[in-house]
Structures are given as C-alpha cells and as structure tokens.
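The following blocks contain the structures, represented as structure tokens.
Presented sequentially are two complexes of subunit A, the first with subunit B as partner and the second with subunit C.
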Partner chain A sequence: MLELEKKDKEGWISIIAYDRRNTSVEYIDNRRGMKFSMAEEKEAANTQVSELSTTDLKEKDENTLNFLDSVDNYLILIESLTSTLRQGWLELASARHSMGGSRVNTSLLTLKHHSAATKVEVNYDNGGSITKSPQLTLCKWASSDKKDSSFEDENIDNKESTKESNGSETTASPIKTENHLQKERGKVLSMFGALVSPKLRASQLSFETALDTLVEIANVRSSILETHHALLQHKVKPTKSTEE
Partner chain B sequence: MANRAQIASKSSALIAMIADEDTITGFLLAGVGNVDLRRKTNYLIVDSKTTAKQIEDSFKEFTSREDVAIVLISQYVANMIRFLVDSYNKPVPAILEIPSKDHPYDPAHDSVLSRVKYLFSSESVASSGRH
Partner chain C sequence: MYGFEAMTFNIHGGYLEAIVRGHRSGLLTAADYNNLCQCETLDDIKMHLSATEYGPYLQNEPSPLHTTTIVEKCTLKLVDEYKHMLCQATEPLSTFLEYITYGHMIDNVVLIVTGTLHERDVQELLEKCHPLGMFDSIATLAVAQNMRELYRLVLVDTPLAPYFSECITSEDLDDMNIEIMRNTLYKAYLEDFYRFCQKLGGATAEIMSDLLAFEADRRAVNITINSIGTELTREDRRKLYSSFGLLYPYGHEELAICEDIDQVRGVMEKYPPYQPIFSKLSYGESQMLDKAFYEEEVKRLCLSFEQQFHYGVFFAYMRLREQEIRNLMWISECVAQNQKSRVHDSVVFIF
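On to the complex of A and B.
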C-alpha cells in the first residue's frame, strides 16, 4: 500500500492511498470529510474490457479456423480437379487418335445462336448479410426448350432434396431425368459426328465431374475471401483498443 | 436500376472460359458453350497466336458481364495478365485458375493463395517485431 500525503495551502491534508495488489485508489479529503474510491469502477471497467476481449478472441479464433479449413478444402479440391482434368485430356486425346484430328477440334464448333445447357445458379439470398458472398450451384443439362423446362426443375428439386436427406435419392421419375440427360449429352456430341468414340463420351463425363469440382472451388474461394476480410478487420481492432 | 444485377435472389448465369483448345473442347462437351444473337461466345481459345491484349480484353469483358458467374482461366494464361487477375477482388464472377495440359498448377501463382501467404507473412513479421 502506497500512501501519499498532500497538504494544501490552508493546511488540510489529503491522503492518496494506492494498493498495487488490487489497483485500488483511495482519496481521503480531510477538509470535506469525504472519501473516494476508484477500485470498484476500475474493476467493473476491467471486467467489461476482459469480457469484450474474450468475445473478440473467440470470434477471431473462429474466423482463423474457418479460414484455415477453407484453404485446406481449396487445396484438396484443386488436387482433385487436376486429376479429373488430366483424365479428361487423356480421354480426349484417345478420342482424337481413334476418330482423327479433323473430327475432334474446335473448328467444328458452331457459331449459331445457342444457349448453354449447363449453367450456374447464383443465390444472392445471404440472410441479409452484406459481407456474405452469393452461393453458386451447378445446373447441368438444363434444356432451353420450354417443353423440357420441367426436367430442369426436377434436377434442382432432386439436388435440394438430396442435400436435405444426405445423399438419398428421390423417386421422382429418375428414368425420365436420365433419358433427358442422355438426350442433352447426345446433342452436344453430335457436333463431332453421328458416331463418336466411347472415349469422347468418357471425356464428356470427366469434364462434367470437373465442373462439379469447380463450382465447389468457387464457393470455397468465397469463404476464403470472406474470412480473410474478417481476419484483416480483427488486425485493425487490437490497435484501436491498445490506443484506448 | 442501381441494383439491377441483384434484383432476383436467384439467377442463372454462364461459365466463361479463357483456356487452351483441349480444355475449351472438354468443357464445351460438358455443355457450357453459349453463343448469343450477336455470335459472341463465352469462351476464348488461347493458342500461340493469341496476344496478351486479346486475353486482357476478353478477361475484362467476361468480368464485366452480368450473366457470367464463373470465369475459368488457365493458370499459364492468367500469368500473362497477372496484374489484372490479382487486382480483381469482386465476389462474382469468381475467377478460378485451372491447370492446363502442358502447364501444371502452381499454388505459388494462384491469386487466392497469394493472399493467404500475405496474411501469414504479415502475421510472422508482426510477431517477430514484438520479440
């Protein structure tokens, strides 16, 4: 306990006592007969600051974990994509070898107006959060024909129910969906002739798998950028709190 | 009018590609090819005659289109316009660097992973400063 006596002009003594153990400060004014204590207020302030720090730390830890998880997922998915693409290129090369180089190249691609059969659905519904990026979902072989638009909805419905039931398939006309998929795949393959090598079909499936992986990578990339931004925000906060 | 790109909570969008012939052929087999009424495609085939300016123009065009959600770009092509790819930071369209047949993927050049490295390197500098 540190005590400091202070005498004012009129001779009245005030005592300032400082207790280092609990950092309390007492000020005794003998003239007015008053005693002030700063210990309680300071303790309350300290408790408040420590509570905030704990919450901040938890949030920072969570963001750091999410960031590292996302980076790990990203690297694993890239590895998977590389392997799938390599298989696709090999199968394409085999198809070119069996069908001939003139039958498997981009000069056969038509520049007639046609819309993509495989698109990405962008979901902007982020629960009102400004910082959350949209989620991407792949929609494979959605026909542009109005007659077949019901198959597109089925594909989306099937995907949603699959997500909910953790991989179990619905029984909503899977045969029709499969037939539609084969029909759409056949339309694209017909660019390369009426009879195509099985390797070309296999290559088509490999690149479809690669597309699934790519959409996952896109979503993980969003997660990395979000958590990266959050961690940078945390870096700014501690400098402000130390200044206070 | 200001938020025309995000009026719908869900919208369908294309996958654009800037890559070599085999990669483009493969993804076109998967059904991502789109040709509009003006005969503009959602892909650019990069070969030995393609200039950096053409790649740059295509990249800028695809990233400014509202109907494109993902831009696939071969990493060796991205290296030719690295300054443009690294300075891009919008969430949509997402820029994904992919390997090509003749140029394997290098994580050191990936724009997303280079931001990760920056974060860790700035952390290590900060912690070494405290000691």
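On to the complex of A and C.
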C-alpha cells in the first residue's frame, strides 16, 4: 500500500493510498469533503454511467421503433389512398358512362351557399407536452343545418328507447345512424339527380374512404415528426456528455 | 299494308335508307377497338381515330387532348349526319327523325333547370347541352321557378309541350321534383313515339315496337334500381314506368315493391328475353347490368338492318353511333386514368 498526498491544481483532491494488487486508490475529495476509494467511485461512476446508458438506450430504441412503425404505417396508408382514389375516379367515369355526360358533370355542382358536410377537428390538447403534435379527427356528415334537429331527434329517440327492452335498444341506434348516413349521402348526391346510378354511390363511398385515409395520414405524419424530433434530441445528448 | 313497302318505300325513303346503310358500314369494328384498347395516351387514340370517319373532326384538336373533347367531336359527326338526313327527309320520315331527338331535348331541359337551381351560369350550361336536343328558346328556361312557368314561358312552343300535361304543378322546383319531371316526360315521350310508330304500321311498327318496348323495360329496371334506398315511394315509382313493354303491367307491379337488386333479379328472370341478361350477373351485383343491357340492345339494333324498307334503320343507326361514342368515352377514360385492365368492363362491340 503506497500512501501519497497529492493535490490537483485547485487543491481539491488528495490521494491517500494506492494498492497495487487490486489497483484501488483511496482518496479524500476535499471539494465534497468525502473520503472513498477510487475503485468504488469508479464502480459507482461506471454503474451510474451504465444505468444512464441502459435507460437512454431503451428510450432511444423505443423512439426508433416508433419512428420506423410510423414510417411503415405512412407508406401503407399512402398506397391505400392511391388505390382508393384510382377506384373512385374509375367508378365516377363508369357512372358518367352509365348515366350520360349531361347528368354527371361539373356544371351541376351547386354554387349555393351551404355548410360543409364533413369537417376536420384539430385537437391541440397535448397533455402539457411541448413536443406532442395536434390530432386531427374527421366529423363526417355533420351538417350544421341539420345539427340541432338531428340532436333533438336523438334526444327524443333516447327517451323513447329507455322505455324499450335492452335488446331493441342496442339494435335501434346503429340502424338510426345508418339511416342518417344514407340520408346525408343521398342529400349530397342529389345535385346529380334524385335517382342516381349505384356506380355513383360507390364512387362517393370510395372518396369518403379516401378522406378517412387522408386524415389518418396527417396524424401519422405528425407522429413521424414527433418521433424524429425525439430521436434528434437523443443524438444531441451524447455529444453534450462527451464534451463534459 | 305490311309486306308491300317494297313497292313505294324507295320513292321517298330509298335515298336516305342507302345513306344510313352506308353510314352503318363506317361504324368501328372489333379490330378498331382492339387497336384503341392498346393505346397508351389520348394522342395515340386520336392517331388511330384519324384513320376512321372521325379523322376530320379530331385532326385540328391541339394536344393535350381531354376525354370530353374526343366525345364532343365524335358527337359533332353524329349531329352532322343527322342534320343531313333530316334536311333530305320528307314526311313522315322527318317527324320520325325528330322523335329520335326528343330524349336529348328532355335531358337538356333538365340540365338547364337543375343548373339554374344550383345558381350556375346559363352559358356554361348551354355548352354542356347535347347538340341534338337544342331548340331556340332553351336559354329562357333559366327564368322559370316552377313547372307551370316552365311550361307557360318556354315549353308550350316546343315538341315537348304535349308531354307536360301529367307533371304541371305550381310546386317550386327541387331535386326530387326535377327527377320526377324528367322521368314523367320521358315516359310520355316513349309512349307517344310508340303510338306514332304503330300508326305508321308495317315493318316500321313491328321493328320499332320491339326496340321501344326494350327501352321502356330497361328504363323500368333502372328506375327501380336507382330508387332503392331513396325517398321515392312505391306509388311514385310505379307512376314512372311506361304503359307498354314486356313488363307491363304485371312486371311493373312486382318491380314497384322491390327493395334490393336480388328482388329485381327475381322479377326479371321470369321473363325469357331478360333471363340471359340477369344470369350473367352474380348475386347482389349490379355493376355489369348496364353492359349486359347495352349488349342486348346492340344485338336488337343490328338485327333491324336485316330487313329493308322501314324507318327502324334510322333509329338503330343513331343508337349504334351513340353506343360507339360511349365506347370511345370509356376507352379514353381508361387510357387517361392508366386503367387499361378495366377497358373491357364497359366496351360493347357492335360487329
């Protein structure tokens, strides 16, 4: 055991003993007023460093996986959107072929003021997180002209349905929703006439599906940006710690 | 008297029958369609059509072409041929030729009225009208608020006036009223055309009765299928069916209460001429029904050319040209949308 006393330039550390056999060094840290052995500190430091690395790595891996999952979802959704739109356009052409060009053309689109049949809601509630992106939600067939009346109808229907048995109650609301959706779809298509070909209805459904996919794509994109930002932050952290 | 048309028909109708048979030989063949289906772009289609009778109508069109341009120019050719025949025709052939265009006139009236209801510019709507259905006071349709005004201000001086008696109301025009007006007018027109052909007698009456009956039956099926899931009541649906045809009256009674495509199939399969059409479709499917009906129509129209000395050839030729234009429209759309695998979904070969 070799005993030394050494201070660094600032006079903060003193070496007390050096054991060659197990290469441990015991010293006093004057700055902290502590005495401990180098081996322990090293082990402690190593343990601390390795603990930090494991957590950091886990988080990094999670973010990387999330990023890759989001990108994969994005690519799948883009492909789905492309095929849905192609199908929609072909069905529209098929409807024109069936009904005639004078019944399906742009000059029949109404220029009268009317509220949007479908709206996008942006939810900025990010749970206190600065980095969390807004979420988009599609509200389909929510015409504000019909909103109050349909809400009233729903209230009346709810009151009536509480008197009915449970079985009928559970089946009543999906049927009503389906009827409402059918009516709203028919209302929009009525600009081409009240009696339109099933091909035009199919085209409408395809474009409706495409709209759903577009909103999903927007949400996935914001998720990609979020995870990408998190990954970049991880990249910055290690460079700061190496500088220290 | 039936069977003696050969003695007198050629005096007034011989020249035009020869003309129309010459036009018929200019219809596109299966080889032409095969070439067109292999085109990569609309300019390729234009190049292939330049070797046909459509060549002069498309040659001056600049690139890039649009599908509506191709349809427009091909329709112009049909209109030119029709006008030539009409100006050469004497009675009763001239009246017969005018009857052929009343369907387009009804479509144009409905287009103007619907577009006006949607606050569209009249000039824009007039550009979309079918040229065969134009008449002088068509632009004045935009001022009418209800059907009574429509009739009083504009349609009283047109050939459609007699067809309005069943649908004159003072109700304001809306989408459902307009649709009912369209179908009521068309029903009245078909019945009037049918009566006119019956009055002509002979081979014209026989051949045109068959063709118009098929048209009436097809319309009944289309009205039924299109009205499934809409607000149109059974009674209103029943009123839109024509009062002649193979389905009249018992088939109409059954079609009026159909709630889905399978029930329609069940009704139609009882009639032998329509059984092969519906047997081609799978259950619940209605996509290929239009093509099946067009194929049957083309078969009947081509058969009308097998007999001479009747006016049915003029009607058949006009319908075959319209089918050809529909084919060209479909092929152009598939090429423009890069969906050539779907080209044969709706192309109906004439020869």
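The working rule: the second predicted complex is superposed on the first by the 173 of 244 C-alpha atoms of A that agree within 3 Å, B and C clash if a C-alpha of one lies under 4 Å from a C-alpha of the other, contacts with A are read in each partner's own complex, and residues count from 1 in each chain.
Going forward, a contact is a pair of C-beta atoms (placed from the backbone, for glycine too) under 8 Å apart; a residue touches a chain by one contact, two chains touch by 3 or more.
Since the model is a prediction, treat every value here as computed from it, not as a measurement.
When both complexes are overlaid on chain A, the residue A:S98 reaches subunit C alone and has no touch with subunit B. Which of subunit B and subunit C touches more residues of subunit A: that partner is B.
Applying the stated contact rule after C-alpha superposition, one finds that A:I76 touches neither subunit B nor subunit C.
By the touch criterion stated above, A:L109 is placed in contact with subunit B and with subunit C alike. Of the two partner chains placed by superposition, A:L57 touches none, neither subunit B nor subunit C.
In the superposed pair of complexes, A:L65 makes contact with neither subunit B nor subunit C. By the touch criterion defined above, A:P134 lies against subunit B but remains apart from subunit C after alignment on the C-alpha atoms of chain A. In the superposed model, A:Q182 makes contact with subunit C only, not with subunit B.
Applying the stated contact rule after C-alpha superposition, one finds that A:G193 touches subunit C and leaves subunit B untouched. When the two complexes are overlaid on their common chain A, residue A:W89 makes contact with subunit B and with subunit C alike. Shared contact residues of subunit A, touching subunit B in one structure and subunit C in the other: 89, 93, 105, 109-112.
Interface of subunit B with subunit A (complex): residues 6, 8-15, 21-37, 39, 41-42, 45, 69-70, 72, 89, 91-92, 94, 96, 98-99, 101, 104-105, 107, 110, 112-113, 115-116, 119, 122.
Interface residues of subunit A, counted against subunit B in their complex, comprise 67, 71, 74-75, 78, 81-82, 85, 88-89, 92-93, 104-106, 109-125, 133-134, 136, 139-142, 184-185, 188-189, 200, 203-204, 206-208, 210-211, 214-215, 217-218, 221-222, 224-225, 228, 231-232, 235. On subunit A, the positions that touch subunit C within their shared complex are 86, 89-90, 93-94, 96-98, 100-103, 105, 107-112, 182, 186, 190-191, 193-199, 202. The touching residues of subunit C, when paired with subunit A in their complex, are 68, 71, 107-108, 111, 114-115, 117-120, 124-125, 127-130, 175-176, 178-180, 182-183, 222-223, 225-227, 229-232, 286-287, 290, 326, 329-330, 333-334, 337, 339, 342, 345-346.
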